[in-house]
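Below you'll find the structures, each written out as structure tokens.
Shared between the two complexes below is subunit A, which has subunit B as its partner in the first and subunit C in the second.
And now, the complex of A and B:
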């Protein structure tokens, strides 16, 4: 490969492309899982959860962008070594590598559970996971440009099916939104924990920022992406609430049920295939992005010049995590609804926040000294 | 050499792309068009499916030309301890795999509805194949009998039921609506009641008729606990305001006047004062005259006023009768619970457990405004000389 310089991946991408990528990264699993989890806690106020979670998403974005400005052209692992020292930095790097491999495994499992549980009943889950991870591995090997370009191509496919939900308009019961916050604010906060953990995945942007050429537009586009994520998720939650009402929390996949419920003019029926298409496309992007973060965490941690030889071995790790960590759908759903929220937000919100505070202190300190 | 291997490999992959390997063809499937559940022996459940026979589906003329053709659907039943058990036994009697994607009607027999359908309902919403848009009904007598009919016009008896439902002249409940009602605040709901139309004298066989819907079954917590007659159902439908296309006939001085189509707006306003719960039902109806048996001339303001008054009283009576009946049954199928829950969440929490009792105690006020909008094509009553009309 050309330019075996300091950077491991010398692809060049734009801010707009990254923000589009982040949209799919957050929502690929978010659309399917968040409404059910939030509705479980917040009852009919769950549509507020994605709005409330903007705060978390915004702070993650602000932290990752600010850290990148403090340490230009370095990714999360590289600057954490500079912030907290060499050995703790390396340890944190290994932890992050493990965390991303695990997250990627969970995402692959979510994808496979959805497909085998609702569409391809007889297909072994193993095939779905292997094929998807293999595809993602090719994308990651192709580098950041390839990931981003496939996002550019696939995102419309990911967004378009959402508009088909409007075919349910005659079935909407807008009054389902009442009674507004009848149990106070606490259930809404509990319900927003899931979107908070999903929004905190915006941290993955920290691995893509070093490749961005138009840094001055990053803030604008990434926050636009956050707003788009929040708006889309609120929209989907509202549709689920209007159509399913008190039944939302009981559905494993409320959006799937909403899609299945579409029936217009005896013609627009059985549209859940669209949802499947959307799900596959979105999850390909998501898995590729998390995979990329895992690979980069590993190589930056050990200062490796070329990341390509490590893509396939790490893929095997991901597949192993996908099967060994999660014995059943129940364990996965339980994990996502409870521990998962804290697990994700610890690594993607709390740790970066601490890093940021230390970095600021260091800067002030060096100013004082000089 | 390497390139050649690559070409061979790619061509081999292309072959597998056709997906022939795990294809499912139409003639491997038994397309279920309707399913009926009845009470079997020893507390078992009897599941009956109506399966479309694709060979006999050709267009009407073709079948006639061939000479009548066979029946277009068959039914088959099996018993089991619950739905899945019964259906898996049923599968063993079918040479083709049961396919649920087209099953748009589920009928529960009267007997099983009396025992309760909540447990069986779980299957319908949990299993990934039955559609949430399917219509639910309760049949008078055995549900399987409704599926055994051979309708003279429609392809299958389930198609007849589906088309009647789609006219939206009466009650229509989808599986998802029922699911919401059972999960919702009142836990009571109404399902259309299926009867079998007596066959015409010209029919060759007694099964040559269709099932149709009349009145409604009232389910409390999934248990059949009462029945709304067609007249009471009209009142209940007015409150829920779901019927789209219906006519109303009322008495004016002993003679009937009919309006069609009738458009209605309904507003439910709950009040709570201390322990007194009351509900105001505000109804605003309008319609056009299509038949006038009375001697009144709607063009005359005073006559029109009288007609409006009679129209108003009629709607008032219909709604009142339905409310009184449902309050006697203590079955809130008209979603008062939801209305109270939305406006008075705290008070609602207190009575939630004894909602049925509370529902019976609600004082209902009905305020009706009516407006007869159009006279139709003629003004004074037709079919009689001017002198007879006052």
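And now, the complex of A and C:
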């Protein structure tokens, strides 16, 4: 293998596959959660939030791709050691490992809360979490190729249900969009904080880039993926706005409510089970990707060549985080609407940005010295 | 019989062939532990004394009542012995072309070469110099002739045994397309392929597997189309087989698969020469086995299991539609019962109101939960189906129809199962018959049951988890290092979701060598202007 870094995973994937993966990673939980949080701040202008957040998503993507170009075939942890030195790099690696395990735990909890709260009321939550983490663990153990290949096959199942929202077309009340920007621009910016934190999850691409074979297409496809993400999210937000109006902020899961409204031709009724299917698939992809990032952070931090033995132990950690970090559904919703945004964007946007600045300075410095 | 405990005993077991030869040669066996290649087995030359040769061969074939010995003098001073296996060799031709001319000869001493060239009228003969060769020829029905004071023997190509004639393959029938199927005779099968692919680049490497059955295996491929690594990999895997006997190509399939524990077949088996030829032309390797009409093809992808030969013989629009129908019903066959169980158990709200009422009415008297009901009916259906297959043809059809009617009708009337469940099982059954290959249907039939259990315990979420697990499994499967779903992953979809017109399928599938990329001239889409008859 080329490059001097440790080769964790010698799977080979394409840019297109990675972008498809990132699409599902961002939107898996985004569809369900973002409209409500954004509507809480931005009132009837919340559909602008996903558009505005492109800026943040674009910068995260640009930073991760640029850093990867500076340090080819290395993942986030491996090059942060090069950028800020060995010991600080290791510390950062451990922090990132912890961060990804925590994020994965939160995502698993979100998944399980949604399922037990709306569909399987009596099923114990740990059953659902363990089943999902186990599936993700098998995917992660299979390596990067298995993750992206299964994503490729599962993504249609994840995207198609969204088109069923169009069955609501006759119920759309387009006037809900007015008054446009009546509260000024500040609420929209506040509302875009949630999508910003979700979009910053594009940083996970930094763990997949070393396995990409067609590097020259990465920029094109990943930005297409970003555009697709914000287009889909804007679509969902608009549907929620047209159907639910200003009430969107009061719903826990606006999309679920919209799906429940569907009733066409005496046959397409109560399609929320479709949303459940989509939710399972999307969360599987998301948990697998974050899980992979966690495992790779851990092994890169300690320069371990084989990551496979660590997959299941880290899975146990994820399950533990899923239950210990969050006491109840309301705490979780509160966390996601307030601290969560800052927590996510600190690690996925601010820290990489600082790393990027330092890397550039180091490069300039070494140029000056020579 | 000796038990096989550890790898060494496999080798020592393999040395049993040498035990047979030890009977011939009383000298100690050179035990070369490292060499486990068949070709390296020591060769035992024939003696120059007729008596010794006779004694050894007859000892080897002692207690074989079908082993015929004919001994008679030739001319003044010569003695000849002819051996053959009754029923495998053509006895009347032996009389006609070997025995009669020799008996009619009354000259002086002759050599074996003279005998073969001037006296015997049989067309093909071959000199052999070792016991191993002699036994090999005898066992395929060729008569062996020994002459006094010669350390050589002659065999004649006079084998002739009963074979089944070429018939239409029953498991893969087509409406349009060739109706020839393979038979149990290897030579007939190779000739069927050679008749389709006449190029000498069609290679047929012969192997012999099975210590007792000595089954002939032919690895066939087209040189320049099949990747060299693939050919050597196939031969390598075949060469690893150490077994008493190969009775069907299924033995080989199980011994050379990539993932033996998977429910999905990773090697295609077919009894159609045109399917084998099509696959050879796409750079795959076929393995023909003596004694079975089923040829093996490797590597395959999941989608080759869902294709029928006729897809390529009928118009592409219709083939495309049929493919979609097939995929849809394969999904139905896998998921319908579990979906029904999930709906009834967890997601009643998804069922439209009026339908829900009629379903609830019919389930009123049913004492079981939907999960038990579904399992009960599915198992019954599988049992009926299996009974129908194994019974003699005349009874089989009656049993399955009467069984299904009686059980279905009576069970519903007695209130043991609900009518919708019977409908579901019937639809599932019909869908599973839509799958063009029997071997593809098996994993789907099997996986239906875990899906029903998952649906009964976790509803739609269980089905989705099962689907994810299935996708993960399929994505990690490989067939001779070719990923099982490679064509989807590489977005090479022109022969998967649609059956492209022949004139559009210019490029070969990706598994062949890079140098030989196109299989036909490009731009062959027929247009009226191409015809010259218009002027």
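Here is the rule we use: the second predicted complex is superposed on the first by the 365 of 370 C-alpha atoms of A that agree within 3 Å, B and C clash if a C-alpha of one lies under 4 Å from a C-alpha of the other, contacts with A are read in each partner's own complex, and residues count from 1 in each chain.
As a convention for this text, contacts are C-beta pairs under 8 Å (C-beta built on N, C-alpha and C of every residue); 3 or more make two chains touch, one makes a residue touch a chain.
Bear in mind that the values here come from a model prediction, so they are computed numbers and not experimental data.
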Which of subunit B and subunit C A:284 touches, first, second, both or neither: second
Which superposed partner A:131 touches (first subunit B, second subunit C, both, neither): second
Contacts of A:144 with subunit B and subunit C, given as first, second, both or neither: neither
First, second, both or neither for A:229, with subunit B first and subunit C second: neither
Touched partner set for A:270, first subunit B, second subunit C, both or neither: both
Subunit C versus subunit B, contacts on subunit A by residue: C
Contacts of A:179 with subunit B and subunit C, given as first, second, both or neither: first
Overlap of the subunit B and subunit C footprints on subunit A, listed as residue numbers: 269-270
Of all residues in subunit A, those that touch subunit C in their complex: 16-17, 115, 119-120, 123, 127-128, 131-132, 135, 138-139, 142, 145-146, 149-150, 152-154, 157, 266-267, 269-273, 276-277, 280-281, 284
Subunit A to subunit B touching residues, read off their complex: 117-118, 121-122, 175, 178-179, 182, 243-247, 250, 257, 260-261, 263, 269-270
Interfacial residue positions of subunit C with respect to subunit A in the complex: 346-347, 349-350, 352-354, 458-461, 464-465, 467-469, 471-472, 474-476, 483, 485, 488-489, 491
Contact footprint of subunit A on subunit B as seen in their complex: 22, 101, 128, 131-133, 174, 176, 179-180, 183-185, 341-343, 345-346
